[in-house]
Structures are given as C-alpha cells and as structure tokens.
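As written, the chain order gives the labels A, B and C, with residue 1 at the start of each chain.
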Amino acid sequence: MATQQTRSIGRIAVAPSVLALFLWMIVPLAMTIWFSFLRYNLLDSNPACSLMTPAALLDEANRCLAGTTNYYYFLTDPAFFKAMRNSLLLVFWVLVISVAGGTLLALLLDQAIYGRNIVRLMVIAPFFVMPTVSALVWKNMMMHPVQGFLAWITKSMGLGAIDWFAHYPMTAIVIMVSWQWLPFATLIILTALQSFDEEQKEAAQMDGTPPFSFFWYMIVPHLARPVTVVILIETIFLLNVFAEIYVSGSGGRAGNLPFLVYQYGLISNDIGGASAGGIVAVVLANIVAFFLMRMIGKNLEG
Amino acid sequence: MARAVSTRRKLFFTALSWTIAFLIFFPVLWTVLTSFKTEGEAVSIPPTFLFFDWTLENYAVVQERSDYVKFAMNSVYLALGSTLLALLIAIPAAWAMAFAPGKRTKDLLMWMLSTKMMPPVGALIPLYLVFRDLKLLDSHVGIIIVLMLLNLPIIIWMLYTYFKEIPGEILEASRMDGASIGKELIYVLAPMAVPGIASTVLLNIILAWNESFWTLTLTTKDAAPLTQFIASYSSPEGLFWAKLSAASTMAIAPILVLGWFAQKQLVRGLTFGAVK
Amino acid sequence: MGTISLKNVRKAFGEAVIIPGADLEIKDGEFIVFVGPSGCGKSTLLRLIAGLEDLTSGQILIDGEDVTDVPPAKRGLAMVFQSYALYPHMSVRNNIAFGLKMAGMPKSDIDAKVAKAAATLNLADYLERKPRQLSGGQRQRVAIGRAIVRQPKCFLFDEPLSNLDAALRVNMRVEIMQLHQQLDATMVYVTHDQVEAMTMADRIVVLNKGIIEQVGSPLDLYNKPNSVFVAGFIGSPKMNLISGAVAVKHTAATIGIRPEHIALLGTGGDVQGTIVLTEHLGSDSFLHVDAGEAGRLTVRAPGDYLGKPGQAVSLGFDKARIHRFDSQGKVLV
C-alpha cells in the first residue's frame, strides 16, 4: 500500500511511542527485579545497600545481596496468602457479578422501554465515579453501621444493622467494586446487542424460531466476543484494585496483592521485599494474561 | 419495522428497568442530595429525602477548608497535560500503523496492548525511588508523564481504529498534490479525524481524571489532584458527611457530565476497538 | 513536455507477482488508456507511475529523467482517483487550491487559477460547498479541477467514471476528451470498459494478468488484434471465436470473426444455424445463432431485420476479415 519511503517515515513516526512504552515497561521492571535480590531497606543504617551502582554492590556484596531471601520472606509471609486469596476472590466475584448482571441488564435495556436514554445514563454513572469517592461514599454513607443507608433499611426490616467493613470487609469491597464495573459490562454488552442486525431478528421471526432457540443460537454467539472483551479488560483492572481498599481502610483484612506491596514498600520501607512482591504480582498478571489472550485471541480473530 | 410490542409488556419492562437503574444510581444521587444538607440532617435517622433545608454551605466550607479549586486545577492540568502529550506522539504512530503498515504492525499493536497488563505495583518501587531522587515526587511533570504512558496504548489503539476508517486514497491524493508527510498529517488527516480525536481526548481525560493508583502514591499536596483530595477525607476525625458529599460531588460532577457525552466512544476506547 | 517511459517495470507484493515486466513509451500529449479485466494490474501500474507504490525492479522515466525513487509529490503528475478522494473537510475551492498552497503559490495567483479551472469545469457556483453537498458528477469535476490547476506534466486517471450512472458517464467522457484537447497534456487513463477505451484513446494498452498484451490505436487493436485475448476483449458485441473443425479448415487453432463481418445468406454460407434470440437496438439487430459445431455466434443484421427465433439461417464469413490464431492464442499471419 505504501512505498518504502512512507514506510521509513512511518517507522520514525512510531518510534517515540514504541520507545516510550518500551522504557516504561522494561526499566521499572528491570529495576524491580534488581531490587528484589537486594537487602534494601530505606531505614537501614547501611547506606551502601541503597546505592544502585554495581560497584558499590560488589564492594559490600555479602551484606547487600540478599539472594532469594526477599522472595522467601514474601512468599512465606501469611499476609501474602491472604492477599493472594483476596486478589483472586475479588477478581472472581466481581467478574461473576458484573458479567452475569451486565448481560441480564443489557438484555433488559435492549427491550422496548420508555425513557431508555435516561435509564442508560443512570446505569452508567457509577463507572465515572472516581475510586476514592466510591470508597468513601460506600464506606460511610451506604454501609456505615449506625447512620448508613443500608443500616437504616435492614433495621426497618427488623434485621438489625450490619457493620459491613468491620465484619465482612471482603464482601463490602466486592459489592463496591462490582457497583463500579457492572455499568461497564452492561454498556459494552448493550452496545453489542444493539449492533445485532435487525434484519436477522426479523428473518428468525419469519422462520418461526422460538425465543429460547433464538437466544441460544443467535444472541449467545453474538455476545461471545464482547463478553470476552469485558472479561479481559475487567481482569486487568481488577487485579490492580488499590484505591478502594486503601481509602476505605480495609487493607488489613481485605488487602490484595497490590496493597500488600504498597505496605511493604511505602509503609515498611522494605524495598527489597516490596520488589519481590511486585515481581510476584507481575508473574500472576502474566499467567492470567496468557490464558486470557489465548481465549480472546480465538474470539477476536473472526 | 420492529414487531409491535404489547403495551403491557413495555410497561412491565419499563418499570423493571427504571427500578434497577434507580438502585444503581442511588449512591450517586444520595451523595448529591446529602451535599445540600446540614451535617445534622446528613446523619439523621430516618434519612430525609427531599424535604430538608437545602443549603450550599458545605460547598463553601469545603472550598475554604481544603482548597477544592487547587486540587481541581491539578486534576485539569494532569488530565489535559497527559492527554495532549500522549496525542502528540500517538497521532504519528497511529497514522503510520494505519496507513503505512509493515509486516509487524499487528504484533506491535498487540504488544502495546500488553503493556497495559503490567501491574503498576511491579513498577511502583523503582518509580517511587527514581521520582524521589529526581525530585519529581508530587510534581506536575512527573505525574503527567506517568499518566501519559499509562494511557498511551489506549490512545494509539483508539486513533488507529478511527484512522483505519479513513480511505487511504485521500491521503494519497494529498501526496500527489505535493503535501509532505507532515502537511498531510496536519492539513488532511487531523481535520478529517477530528471526531475520532475528540472522542479519544474525552475518554482519556476521564481515565486520567479518575486514575487513583499513581496519583495516590506519587503525590501529596502540590500536584495532588482530586483523587488525593477525596482521600484526605478518609481520616475519621475529618468525617463530616455533608462536607464529604459536597467534596465528592465536586470531584465527580465534571467527569460524570463528560462521561455521559462520551458513552459510545467509551465502549470503543476501552475495548480497544473490538466493540463499536 | 510529458513523456513517460517504463523500462522493464516489475511489481510483486510479497510472493505475488502482479506486473511481471512491462515496457512502454508514452508520448507527449498522448491520451493513453490502460484496459483489461478486473484484477489484471491496471491500477497497480498507474500507481507505480504515480509513485504511490515502489517498483520491485525496473525504471520509470518522466521526460527522460529517472524518477524511480522520486516521491509522488515531486514527479509533477496529477491523479484522479476512482473514489474521487476529495478532502471532505475542505470547500470545493480549497480542494482545488490545496496543491497550489502546498507549492507555496501566492494567494492572488491561486485565486486566479481556481477561478479559471472552475469556469472550465462549470464549478463556479459551487466553490464554497463541501464535497458531500455535490452530486457524483460534480465531485468528479472537482477531482479533475484539483488535477488541472497544477498544470502537471501528465494526468493519471484511475477509472474516474465508474461511479457515475450511464448518461453522466457519456457526458463526462466527452468533457475529459475536450479537456485533453484544450490542455494538450499527456493523459494516462485506466478503465475496464472497452467502450471508454475505444472512444477516448489515442493508443490503448491491453493488460492481461499484468502483462502488456498489445499496444496500439483503437482501430489497430480492433482490426489487427495480435492475440485471442485482445480479440475477445476489444469490440462490442464481442468477436466470435470459433475453434474445432471450422477453425482447422482455416489452418488455425482458433479463428475469430466480428459480428459485422458475417453475412446472412439464403443458402450456401460457411455455416448453417438457427436463430436463438434477436436483440433489436434500432440501428442494428444482433442475432444469436446456434451454429452447430461452430458454437453460438453473434451476427449483426440491419435494424429492421425480421427474422424470428427458430428460423434457419445460413452464415457467410467475410474471408478477408477472418482472424487466425495458433494454439497459444497468438495471431497467425
């Protein structure tokens, strides 16, 4: 399509982006790997260990190099298992709720209803709420055990108040994060439904296809692609949920992997340990990404 | 012609979807309502819905006590700055991939997508230290660069899918007309792609505005945007719900409005063009 | 000046060889038409001349100068695309002026040139409109206007009329030919419509699977096709091509004879047959005749011919007008 000349200019044109993203991906990752093998604590009295130069390191080799100690400590820290479990639980439940709920909701909104646009606006709103706001709103105004709105409802029904963040912190976080992502799933699946060819629907009606068969043989295959996309994108974001946990102060019991790394690094100043944790998170993300990309590769090609 | 739907069925679905939509929207609505209450009324049981003394006092107090405007301006700087900077390098890249693709262009695009899978915690520690040493912590420049890199893949993908819809012959015509590649980009491609570029900008402003990993970890006060401003309300002693609500309303309102406009583009952008 | 020479031009996209090797000399001021079936490489060849594609090997000279590695902007050519490729965000005026602006021409000169081009092309009333507010024919004229203001050495047209309806196409055809006379510039014109080729061209280049089958004036090609391919492609209705025993009688693998060179005789013709179908065009009638082992033949008859389907006819070939081809499809002299 293009000549050699435009292609060379093209290469120059993509270079800044590629270079920037390459550095963004490689440099911090390399440094994280490097740190993860160091005994490196910002509060450490031995300053040489916080210098990153190889020379300094060789000098003090026996004192600074930590080998796999950081990994050992991180992986055997009981907090790690909890964080890992919380990470996976969060991803799993939010995916289930948002995809199942989003599909049902999208099917509903695809029906002929009055005021569809307003309904759509209301449904999408949570997605635009910044995570710190939704954490505080849910923690205080919705789920507060005394003055929260949900407490008022449960009490009026005679069930008594639930202190969500104290007793069921994980459930509370799942509800909150699902609230943020349900709109996203709904919006995408609804868009896909609306692109479903009207003529195809009519042809099926002419053929006398029963509604259930129509749903199963026409709608479901059509939704396979948007649903995979939703799963992929939500997984990327959900593995990295941080602000909701940090701001709602539920890191102690519902903290996930990103939160634990943050704790190691910026709270305990254990750079080596935090880096090891970061690498564990990267490995986890890559495992998930690998399976997702394979699953999605199949779906997106067509 | 769609099949005629019976009115009863339509009414039923309408009632159902309005109810669900209302429940989903309720926390937002509740926040906005609470922001107009006095502190006493904000925590009253049973809650008051519309019949309370509406007041704007909270907004004034929030501005006075925690300087909303400063944080909001920071949010604007960071969102606009990172988006425009990204656009500057993304437009040529997307042009090249759409109109002068090589054998590896598809792989390159997938690779760019894959950089989004990198968990931020994998980069947090070194970035924090590098920023500390370069005095970039809590600086506009530093965060702008981070946000730019964060959203660059999405921007490139979005532009790419928009550019793909522009017939290459028009660009070739400009080449025949004697335009250099730079002029082709500025006078022909960019104006034709205005709607696409606008959507891209819109979506990325939204994403940058709400970004709350890096803004929480790398800023404290000088460059802190609204995410940090709200987080400062999480301390127990500072908890006054009406004020918290006013602050929250102010933090989300601009993006809520933009977001409602950008619904369609949002789908396309966030799905990397896979769903239009 | 505006001569173009192609010297052993080859083009391959990866493994697929599209143009295996083309040589061609285009003279100054000539109207040359590339014609051939869809996918035969006409557009590719034109785009090679334009500089929008790289040559795989070979050379292109414009006015004797090697432009093989010169970018399109610097070749001094103008191109009219099949899709018109107008700039949708610019007014007609700016569309036409764009090339001049790029060349850095002063504004007053640009205005004068645009006005002149608009007058030539009857576009003066539409200058402030956007392309989407124009009809197909008007868009086509804008695309041509954009080409002529730059006074290029040569115009390249890629099927410029194929998106127009039949009546408009005839009009535009005449307009382009008049333009050619006025401007006296070289024009290279791609079409798959052999009627366009016949009516417009000084010389026609017939392409088949990327190979130049024959180059010549329309009448040359019509009267002396040097292959079965050209014989079958040029002329409407198509030349009758007969193989088998009838051809062997003429010591050829295939013989060709045009419908107008077959006479309807009472008896004693070269072949006998029955009318299957008649098409009355008014001026002429074309008969489709089932002629046994000679196959289905098309025969031209007078406009008022009254023969009905089913009627037996005897067909006489004009001996001097029989084209003989060998088994490779090449002409036998």
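Here, contacts are C-beta pairs under 8 Å (C-beta built on N, C-alpha and C of every residue); 3 or more make two chains touch, one makes a residue touch a chain.
What you are looking at is a predicted structure, and each value in this text was computed from that prediction instead of being measured.
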Hey, how would you classify the chain contact layout here, line, ring, star, complete or other? complete
Centrality ranking, top chain (CA atoms only): B
Taking the mean of the CA coordinates per chain, how far is chain A from chain C in Å? 60
Counting only Cα atoms for the centres, state how far chain A is from chain B in Å. 16
Between chain B and chain C, what's the gap in Å when you average each chain's C-alpha atoms? 54
Any chance you could list the residues of chain A touching two or more other chains? 2
Any chance you could list the residues of chain C touching two or more other chains? 52, 71
By the touch rule stated above, which residues of chain B touch at least two different other chains? none
Contact footprint of chain A on chain C as seen in their complex: 51-54, 71
Hey, which residues of chain C end up touching chain B in the complex? 50, 52, 71-74, 77-79, 81-83, 85-90, 98-99, 102-103, 146, 150
Help me check something: in the complex, which residues belonging to chain B touch chain C? 167, 169-170, 172-180, 183, 187-188, 191-192, 194
Which residues of chain B touch chain A in their complex? 2-3, 5, 10-11, 13-14, 16-18, 20-22, 24-25, 27-28, 30-31, 34, 43, 45-47, 89-90, 92-93, 95-97, 99-102, 108, 112, 114-130, 148-149, 152-153, 156, 168, 181, 206, 209-210, 212-213, 216-217, 226-228, 230-231, 233-234, 239, 241, 244-245, 248, 251-252, 255-256, 258-260, 263-264, 266-267, 270-272, 274-276
Of chain A, residues touching chain B in the complex: 1-2, 6-7, 9-11, 13-14, 16-18, 20-21, 24-25, 27-29, 31-32, 35, 105, 108-109, 111-116, 118-138, 140-142, 147, 149, 152, 156, 179, 182-184, 187-188, 191-192, 195, 198, 205, 225-226, 229-230, 233, 236, 239-240, 242-243, 246-249, 257-258, 261-262, 265-266, 271, 274-275, 277-279, 281-282, 284-286, 289, 293, 300
